[in-house]
């Protein structure tokens, strides 16, 4: 097993583990921290690929990912959390052990479902696609199973990170410009969501199920 | 099985028997220092055991032979594993049949014996301890066996010696994400199996918060000495196995005396380091509520599952 | 052939002997049955030793097809296992007779049941198989319903058992008849030869039908609902046979389906594996939370059969890419089946002895039996440790082999198989942990500590035959545990009959060795090492103690300074399982009922608090009850069709006749 | 009796005003740290070498105290901690008081004081642990 393959796999695994930690921990601060670590791992994946394939553009993308997904976005979310530092996901819709078991099943499912992509791409990168797919699925599940608005935003970002990971692995870097565009989109989205979150919490909503009352 | 390997087994047994209580003492010292106390000497558990050995045994009037036999089973199973496991050397007796699953199940016999003995005392505390300890044991099991599955994937063998030897020969296996994930899950398992924080507080005096301590409230004298010794041996074995799975540095590949000395020193150093780390971790952690424990154990389980998936992916 | 005829003949003779006067009945029937079992067992041993099937055909007895016998090594293994269990059960029965087991109907049903159990695996064609299967089902139904006049639960159990077993038999008949019709020959060997020409969809459908039919016999969830009822209500020797022998035949049926249909597609075994996993988890969870000793054992049977089916599925899944792991999984499965037969019959016979001595099955009303019934307790402890898969007993070797096959099956596996294997291992592990909880609870609450009721306190050890019977099977558990080599040759021959053994498994007398796969385990060495160490520690303990005064003092249990006088201060089976029940609250959905009544004068004073919690079978509650309720509603509606008018009834007949003619033309 | 540097204590509050308990707490705290001389509080009298009794023995606690003493394995010691444990102190003659500790179980060592200073407690314990 080459050092490249091992470290690339480790970085990809950290992305998936980051998603698992979001389901695992209750404290919103830990959840945002996990997101940040995931951003670092994602940047590391891109950087490793860039170094391996001598692709400057990919290195630049890695830098951007590091900036946006490991620093800026978690930083924005952390400021929302800072308003209420002890905030917890105390009573999720699906309890933590069950969520983790579901996450395990999703990972196994991703492994089966990614077979065609793995067969198509192959090599030390393509075979890691199941981990990205698992991150996407876990992110979706986090949005379904968690109550706090913050967790939902994080879930969305998990999905995005998972897609980014798959994109890196499958194409060894989408055209750089596309990646730039999508990363900035995410940044823009988070800024909007951050404002929305601040408004929501100012209005006294933290549990999204409470929004139902607006309907009535 | 020849004479040399038997001798090696005896060396390992002696190390675990002598070192187990010292490890416990060391962890208590580290804890005390971090709490700003001088703390007991490292040899305190041995002093306790020596004193207990000269005291009277007591037996609750309702108990049966199970109560009397359990401490023996606890020590005997730990001793069996101490002889067979790859701790100091890769050449213990019966190396070809030192199976990971067998090791786990032999240690499990000790836990079951202690739980039965606790129920045999006819007290509420005993039943409580047995119920909690076994509940945790049941929930740990998936994480443990799936972690073993992940560790066994490079060789498709659960032979413990082969796994450790493979790690010492191919360092890249040790750095593989699958191996690392399995070991992370293994940490959770060890904390739970040996009753350390955040699963159980080994120094609690409150019966209602107890898990493992509640099992042994009725033992006294030589029985208690045996239980203390057995528990510390089990802790030493778990940590010893863990360090050799993480970094089988210095482990003796043969039964050569010099290699054995190196192995002995290496193992001691590694276990001391890990013991100190665990003790530091314990000081900085609060005990989890019993019904939050499934979260921790499920976390260990999913890490192991990820380990298996990664291992399969990387193939 | 002749010996099998002898078995059948003696069996029928034993059945008829039940008509002799009561005074000598049990002894005579038991004697003849013992002969049947010994001859049957010896025949099976001969088949296994020579590796030659006993084949025979006679055109008499059954019209059109006659009777065909084909006792392969696979069948012989099941017959042999049954014979051992049946010998123990028969010995136990001799002591158990006080419990109305000596009536004519029950004696003859018992004899017929044992005989049919021995002969089912010897059936060589569909008709013989189904006839024997029905005899087995009906005779066991009589045994389950033994106490129907007195107990409502027994009647219920008999209804459930009868309905489920007949439903299963109908499915089996359907599946086998489709195969036999295609082969135009009822014999199994002809079917096996021709089944490969069937379209894949048909083969898959037949496999599913047979899986469900045989699975219901093996007690797989969700077709397990009869099991906790029937096993709990049947008299002990019959429960031992139901759990130690009859459910095995469900497994035999699934293996038979594989020999008839071939390994087939991956999805077959994924479906089977799914049911295996569900059964294992569900059974072990309910075993861990049951408080009735025999229900606990019955759920554990469901769990063990789930594990067996997991093993069979692994064997099927691995067949394509890893023949070694596949054959190892099959061997492991058969080892598990035999191990289960031995330890579960030990436990059921032991539970029967307890019921005999105390009239109690509720763990919360037992306790303290270790001192009053030492032999029975020791036997139960052996059985419990074996079912918990602890070394050095036979359950451990079986579980170890299953895990080994899963570990090795990963080599070369495609993602689907990998995922299935990981799920199997996780299920196996959780099941193992829950089983330990269940059986520590059964032993710890039921047999240790202080007696929890009058009847438990005054229990007396049971008659000698009832002590010997479970001791035989318990001894077999120990023997096959420390020396698995005793049985492994026979078992690998049996599995060779299905798929050739490529695993490189060899067994010395003391352990399993998988040379090719670099794994081995040596329970005997482990046991000897542990015993030696225990003796050393015991010696040290003896040498210790104070210089003066008594070395051992017996004193009341420590109750934090209070005198512990009540057995009610102990943990009960319910409280023991409470943490688990809370962890799995979403799955079990137990029903709690808290009823607080206040005194008349003030709401602030409570007069009485009643708390009831029921943990009934959730599959039964959520799946069967609604269906049964619907059927009942439809039945009431249908009553309108029958208003008593003869003309109307004749009109129905006429309409049906017309429709039939239209359809036919 | 030589306890070889190891002394497990079972503490029983037989009716104390909790003054002595506070001192015991600090005996095992960072300043006086009795654990360094090998003393330890344990959760069960079966594990204990010595019974550490505080307070006058009230009627309700007389029987539990005696049971606790009997539950200990031999050889066993009793330490009466504080003036109340020695002679009922200010509670002497109270309607709830059954007597001093020595009236219920045989006392091996008395530590005077109301409450005794942690230093005195530690030095008293040292007489058993020889450290």
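Labels for the chains are A, B, C and D, by order of writing; each one numbers its residues from 1.
Simple rule for what comes next: a residue touches a chain if its C-beta (ideal position, glycine included) is under 8 Å from a C-beta of that chain, and two chains touch if they have at least 3 such contacts.
Since the model is a prediction, treat every value here as computed from it, not as a measurement.
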Comparison of A-C and A-B (more C-beta pairs in contact): A-B
For chain B paired with chain C, centre-to-centre distance based on mean C-alpha positions, whole Å: 35
Chain centre separation in whole Å, for chain C relative to chain A (CA means): 47
Sequence positions of chain B contacting 2 or more other chains: 55-58, 207, 217-218, 221, 294, 301, 305, 309, 312
Residues of chain D engaged with two or more neighbouring chains: 44, 46, 71, 73-75
Of all residues in chain C, the ones touching two or more other chains: 415, 418, 422, 546, 549-550, 553, 555-556, 558, 560, 583
Chains touching one another, given as label pairs in label order: A-B, A-C, B-C, B-D, C-D
Sites on chain B touched by chain A in the complex: 172-173, 175-177, 180-181, 294-295, 297-299, 301-303, 305-306, 309-310, 312-314
Touching residues (chain side chain B, partner chain C) in the complex: 53-66, 69, 71-73, 75-77, 79-80, 83-84, 94, 96-97, 99, 101-102, 105-106, 108-109, 112, 115-116, 118-128, 130-132, 134-135, 137-142, 144-146, 149, 152-153, 155-159, 162, 207, 217-218, 221-223, 225-226, 290-291, 294, 301, 305, 308-309, 312
Parts of chain C lying in touch with chain D, wherever the complex brings them together: 546, 549-550, 553, 555-556, 558, 560-563
Of chain C, residues touching chain A in the complex: 414-416, 418-419, 422-423, 583, 586
Contact set on chain D toward chain B in their complex: 3-6, 8, 29-30, 33, 35-36, 38, 40-44, 46-47, 49, 71-75
